[in-house]
Amino acid sequence: MTLFRTLRRWQLLLLLASLGVPIVLMLWKPYVLIEGLQRGGLYAVIALPMALILGVVGIINLAHGEFMMLGAYFAYWMGVYAGLDPLVAMIPAVVAFALLGAITYVLTIRRALKAPELNQLLLTFGMAMVGTEFANLMWTSQPLKPHLSYVYSSVALGKLRFGTYAFIYTAAAIVLLVLLQLFLRKTRLGRAALAVGQNPRGARLVGIDVNRTYLLIFSVSIALVGALGAMFLTRHSVFPSAGSPFTMKSFCLIAMAGIGNLPGVVWGGFGLGIAEALVSSFRGYGGWADVVFFAVLVAVIMGKSYRRQTA
Amino acid sequence: MAVLRTEALERRFGGLVAVHDLTFELAENEILGIIGPNGAGKTTAINAISGLYMPTAGRIFLGEEDITYSPPHVRCHLGIGRTFQLVHPLVDLTARENIMVGALFGQHRSLRQARKTAEEIAAQLGLERIDRSVSDLTVLEIKKLEIGRALASDPKVLFLDEVMAGLNSDETKAALDAVRGIRDQGVAICVVEHVMSVIRDLTDRVIVLDGGTIIAEGPYSKVSADPRVIAAYLGEEE
Amino acid sequence: MLAVAKLNHYYGKAHVLRDVSLDVGTESVGVFGPNGAGKTTLVHAIVGLVRPRSGDVTFDGRSLLRLPTHEVIRSGVALVPQERELFPYMSVRANLESGAAYIPGARKDLPAALQASFEMFPILKVRARQLAGTLSGGEQRMLAIARAMMSSPKLLILDEPSLGLQPSLVTELFHKVRNLGERSAILMAEQNVRQSLKAVGRGYVIENGQIALEGPSDELLRNDHVRRAYLGL
Amino acid sequence: MRMTRYLPYVLGAALAALFPLFSGAYLEQVAVGMLIYLTLALSWDMLLRSGQLGFGTAGFFGLGSYAAILLFLNVGVHPFVSIAFGGVVAGVVALLVGLAVLRLRGMYFAITTLALAGIFAVVLRNFPGLTGGSEGRMLPNCIYAGNTTKIYWLVLALAVFTIVISEVFERTRIRLALTSIRNDERVAKSSGVNVFKYLVFVFAVTSAIQGLAGGTYAHVFGFVSPEGSFSANFLLLPLAMALLGGVHSTWGPVVGGLVLGALSEYLKLQIPYGHLLVYGAIIVVVTLFLPQGLMGTVRAWWRRSHVTRGAQ
Amino acid sequence: AEEGPIKLGAVLPLADITGAQGSKAMQLAVDEINAAGGVLGRQLELIIVDDESKAEKGAAAIDKLATVDNVDVFIGGMSSGVHLGELPALKKYERVTVWIGAASSLVEQAVVGLDWYFHIHPWDYLQGASYVEGWAALQAEYPLIKIHKAFWAYEEGAFGTSSYQGSLVAFSNWENVGESFKSALLGGGDYRAVLRHAQEFDPDLFIWVGYAADALPIMEQAAEIGFTPPLFVGSPPGWPADFGTSPLADGVIAYGMWAPSIKDVSPVSQHFWDAYIAKYNEQPATYFAPLGYTNIYVVAEAIARAGTLDKEALITALEATNYASPLGETLTFTPSNLIQHQGFRNQKILQWQNGAQQVLWPFEYATALPAYPFTGP
């Protein structure tokens, strides 16, 4: 009983904090909030497709970031050859990467699903290596980035001047979250994906085409991450190893949110983005931003496990 | 004297009280049956007593010792053995090694002793394919394995959670003999079953749980005639 | 309706189904046999969860042998698996809905089917929002049975459905099987031979992967071997 | 009887020890790299046998490197002592951290150990006075003055030590404890296995081995730095080696380490530009066609031919 | 052993553009020399081994080159971290080594007293000192340019930190503030906090020390918050391919050893440029290309001068190096703080103007006048 009550109080505190901290920040250091949300949006939006295949259907994809990197290269060359803006190139990228995802699935992942689960780690690790080296051989390690004047557009509110474009990541994270949630909750296909993730044999027994579901989810995830690579390119350079840090970041976010918890990925991304921005906002402490990232991560994971055990 | 005793044991899951105010004793050399409708809290009670779930209230005594807050492995050392309703054998070990786990860690035997213990127990239970991997075994063999592992830790009290479910009458008969044999070694046994012939033939005393509490207690002949038990659990046999 | 012809299956070198043949019309049929006889393997072969080495399975005249499991299920077969195979992190209700959601034709009757499930196992209604993985053993069994019935299958296969059910529900279940058997086909593997023989019209006894005996249930009830080995008389 | 049983091992060890007789400095140096990774692969696998997927390999490796080098530079002990110290520090830190994080399972544990590795690196970087900051610290003289034969023996000793520990794990009750935890923790607990104790124990032991490997590496190559000592290579390559060789055994990671190590060196010489592409492709193909790993496949084949013979 | 080719053993990270182009430029130089009849009547043979940017692979590469290929001279090099791991092996063989990479002064400490070790790349502190000189010269020449306050944004790894710390001592007459950021190369890419701090500090000179991947995003993010210091300096080891085409690039000062425009003032550079493009059908994009080319020529000329491969004679001949390099200046070996054989000590101050890097200083190689102040987009 007391436990129940403290839990409530605890939750209340959390709620207050989650409302109070932004308000305080807004007044004290508005940049932190703005840039934290933008940065967190990027983390979150790139983690979402991975959360879809890891959290929902249980495929571990260590090559996640590499697909994003290839998406960015794709957009770059669409710009060079077809004159497409990277944001426009997201459309052909979705198509191309859905195809790439499907091919990858059919040739590799499908076979690995029957094998011990850890084999996916090795398989996708090998794929990541192939992807990175392919990019390296094709385009060398020299970074590429098109010039886009809209990415540094900004508004000034009195003394406060901040970039507006990077909110595209924040917006994309929220939009993608909503779409994925709708897909998983409201469509039969989405529910089938959840079922497949929890028990593939059970899914077969209720008439779900497990193989097709895997194929679909994997291609969707790759298509999304490919398109997000194009969006990434608007504000970042692309080079062969550009993706790998995002694989790890995405993993971290998903673990922090809890497997299968897509909203948690987005809120977690925002939270980490703001925490990092807050630490970096103190001059000379930027070097500790990573520690904060990891410390928040560990604290949240540990806290959750503690709550799970007591509840 | 009671080997095992619970006092007002309670276990909740959020708002659901799965076990409520459960007080009972297990005497030496006794075979106690626990029956009750699905979801009555039988497995939860075993989990609370064996330490997998901490009770949310109440006390548990093994002999004189209060084990309410002991971790499960300590309870095993002290003499609580159990099987699992939904069997999960240790698939990467052979049948023999499955049993050895109980002997090695429940009683801290040496490897050699444990190997021998496993052989003896397997022989006692009629488990023949002892060096096969678990994936080759039938359900019957796996159930024997479960019992064997629990037995190998040399328990004072043994909880058997639906080990006889899914056995045919021949097999059941053999199993009954095996359980009686275990009792004759001085182990108090608590069986949970939905097969009434087993309860009837095996138990000295029966507790009927419903909604987490005891609704009837006594020899099988008595509780099976209890109208409440019939209504909640047995139903009318046609 | 369902015809199994000369099915053979091996696990590695172990020959677990030997020329097994059986038929199910619009009736209930029981399959009995000791542990490890091959009952589960047989039903798995029917729905395509294992691929037998030889033989054939036809359903409504169509061979199921090349079909993937989900197509078998969609063609009107439902299985209550021995291992239940629920979706542990979905609610009871979502599990039930999944039973009908992927079967063409069953979807529109979903609310009614849900109602029927709750009537058959009232506890499931109480537990509707609980995660399936936290149900008790018997509750999970009920959920598995109810989920399979959600699609009103033409052929319902039950693999040891009474396992872990309280006695009153076992009685009810077999009662239901007898009633259902009048409308659709039922194939039931069971250990509780005594009660289930009363629920089915015909039965097969499998031993060591072979059909050892077959016949109408009253005949089997009188058979010496059955009485000795399965009824404990 | 006992003698003959151990004969292959003794022979193998002798052969490995005598390797410098018929190899040159180059192969010794390649072997040094391979043996370090092999040690990491094996220690990673030893933890995996409990079902815990550790991503902290690079972290404890780096921690051991720093501990060894800093002790050596500041106190001036014998290199061996400082290497041992690296192992002890990694082990003790793992023990303390393990008391908290070993409540976690699966991906949560994996990511938390990864995060810890990140924290180690950043913290060390941010105390430049002691650790040399981002640039790290350098040894004026490396161990054995770069004599590859002696270094080879040192690293071989480390690898053999790890193999012995791994075999101890395999041949004692520890294997049954870890396997039971991996297969079903509830069953393990209820059978008397002190799950937490065993997890903390293997986590500390394997981390200590990783620390030893780090200390050795640092002494062999003469420097520590956040980027070099905590490189993701020290996590990902061992992981790939263990998985490719076959997990949950001593010889899988050993074979995987040797095969992948040799393969990467060979490919590099054959295909100077783009060998990593081929290397990655080979990993993919092997994973697809030998899902049990190299040793698992060999073992399955052995068992099959054995059973057939037994049946005849 | 006086027969057969003279063997040069190079160790480079071939998967990185520095190593890839450096090795190609080396091969170009070797081919040129061989086409002209080789050295001492013998052909040169270049054996390149990839270090994969890993210390243990680098060390194995040295051992292979020494024992399997039995090379006469070691050349190559890129990262300091890898080189530290290679040094034990190099010290074991004590063969003549002419290194083009590894700028960290940690490496210098490790090669003290090695008479066979020649280091071409300027040490980090030398680079700092040379910029001090450069800025003093520029301020003297162009009175409009005034620097009192400088803000340093450096990537938090070894490269950025050592460059920053190496320079700090040198720039003691300025008011310096430094802050680290996470490079996009390592998963970072948000520089706004640092840029805002710089903006608050209002420096005369802002310099970022990072990698090519940071170049355009930093400019964009500076534009986003409206940060336009009078001198906007970037000091990456290489620039991204499209930097020049961006309107944000105009007026950005670059630190570097080389720029393509040097070909306009240096015939060697022009020759190198043309030959490289002719052979490989791509433009040299990093200064490791001319460095690699230099590396070969320095060694080849020294061998020719020595007339033998004898170590002592070769060392003496190398000490007499006087090579007009494609990097502009003439290379000689002189003592640095700790070692005897340091090659280049100067960097150049360059500026992006109309899509190309122009040399502002040293004035001998100047290709353009400074555009000042930086105005942003």
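In order of appearance the chains are A, B, C, D and E, and numbering begins at 1 in each one.
In this text, a residue touches a chain if its C-beta (ideal position, glycine included) is under 8 Å from a C-beta of that chain, and two chains touch if they have at least 3 such contacts.
Model, not experiment: these values are computed from the prediction.
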item: Neighbouring chains common to chain D and chain E, by label; value: A
item: If a chain touches chain A and chain E alike, it appears here; value: D
item: For chain E, the least number of touch steps when starting out from chain C; value: 2
item: Label of the chain whose CA centroid is most distant from the centroid of chain D; value: C
item: CA centroid of chain A to CA centroid of chain C, Å; value: 43
item: Whole-Å separation of chain centres (CA-atom averages), chain A against chain B; value: 47
item: Whole-Å gap between the CA centroids of chain A and chain D; value: 31
item: Multi-chain contact residues (two or more partners), chain D; value: 125, 273, 276
item: Sequence positions of chain E contacting 2 or more other chains; value: 15, 20, 156
item: Where chain C touches two or more other chains at once, by residue number; value: none
item: Footprint of chain A on chain C - complex, ascending; value: 47, 49, 68-71, 73-74, 78-79, 81, 85-90, 94, 98-99, 101-103, 147-148, 151
item: In the complex with chain A, residue positions of chain D that touch it; value: 48, 53, 100-101, 103-104, 107-108, 110-112, 114-116, 118-119, 122-123, 125-126, 232, 236, 239-240, 243-244, 247, 273-274, 276-277, 279-284, 287-288, 291-292
item: Interface residues, chain A side, partner chain C - complex; value: 188, 191-192, 194-195, 198-199, 201-211, 260
item: Touching residues (chain side chain E, partner chain A) in the complex; value: 15-17, 20, 156, 177, 179-182, 184-187, 189-190, 192-194, 196-197, 211-217, 220-221, 223-226, 238, 240-242, 245-248, 285-286, 377
item: Interfacial residue positions of chain D with respect to chain E in the complex; value: 24-26, 28-30, 32-33, 36, 125, 132-136, 138, 140, 142, 145-148, 217, 220-223, 225-228, 231, 233, 265, 268-269, 272-273, 275-276
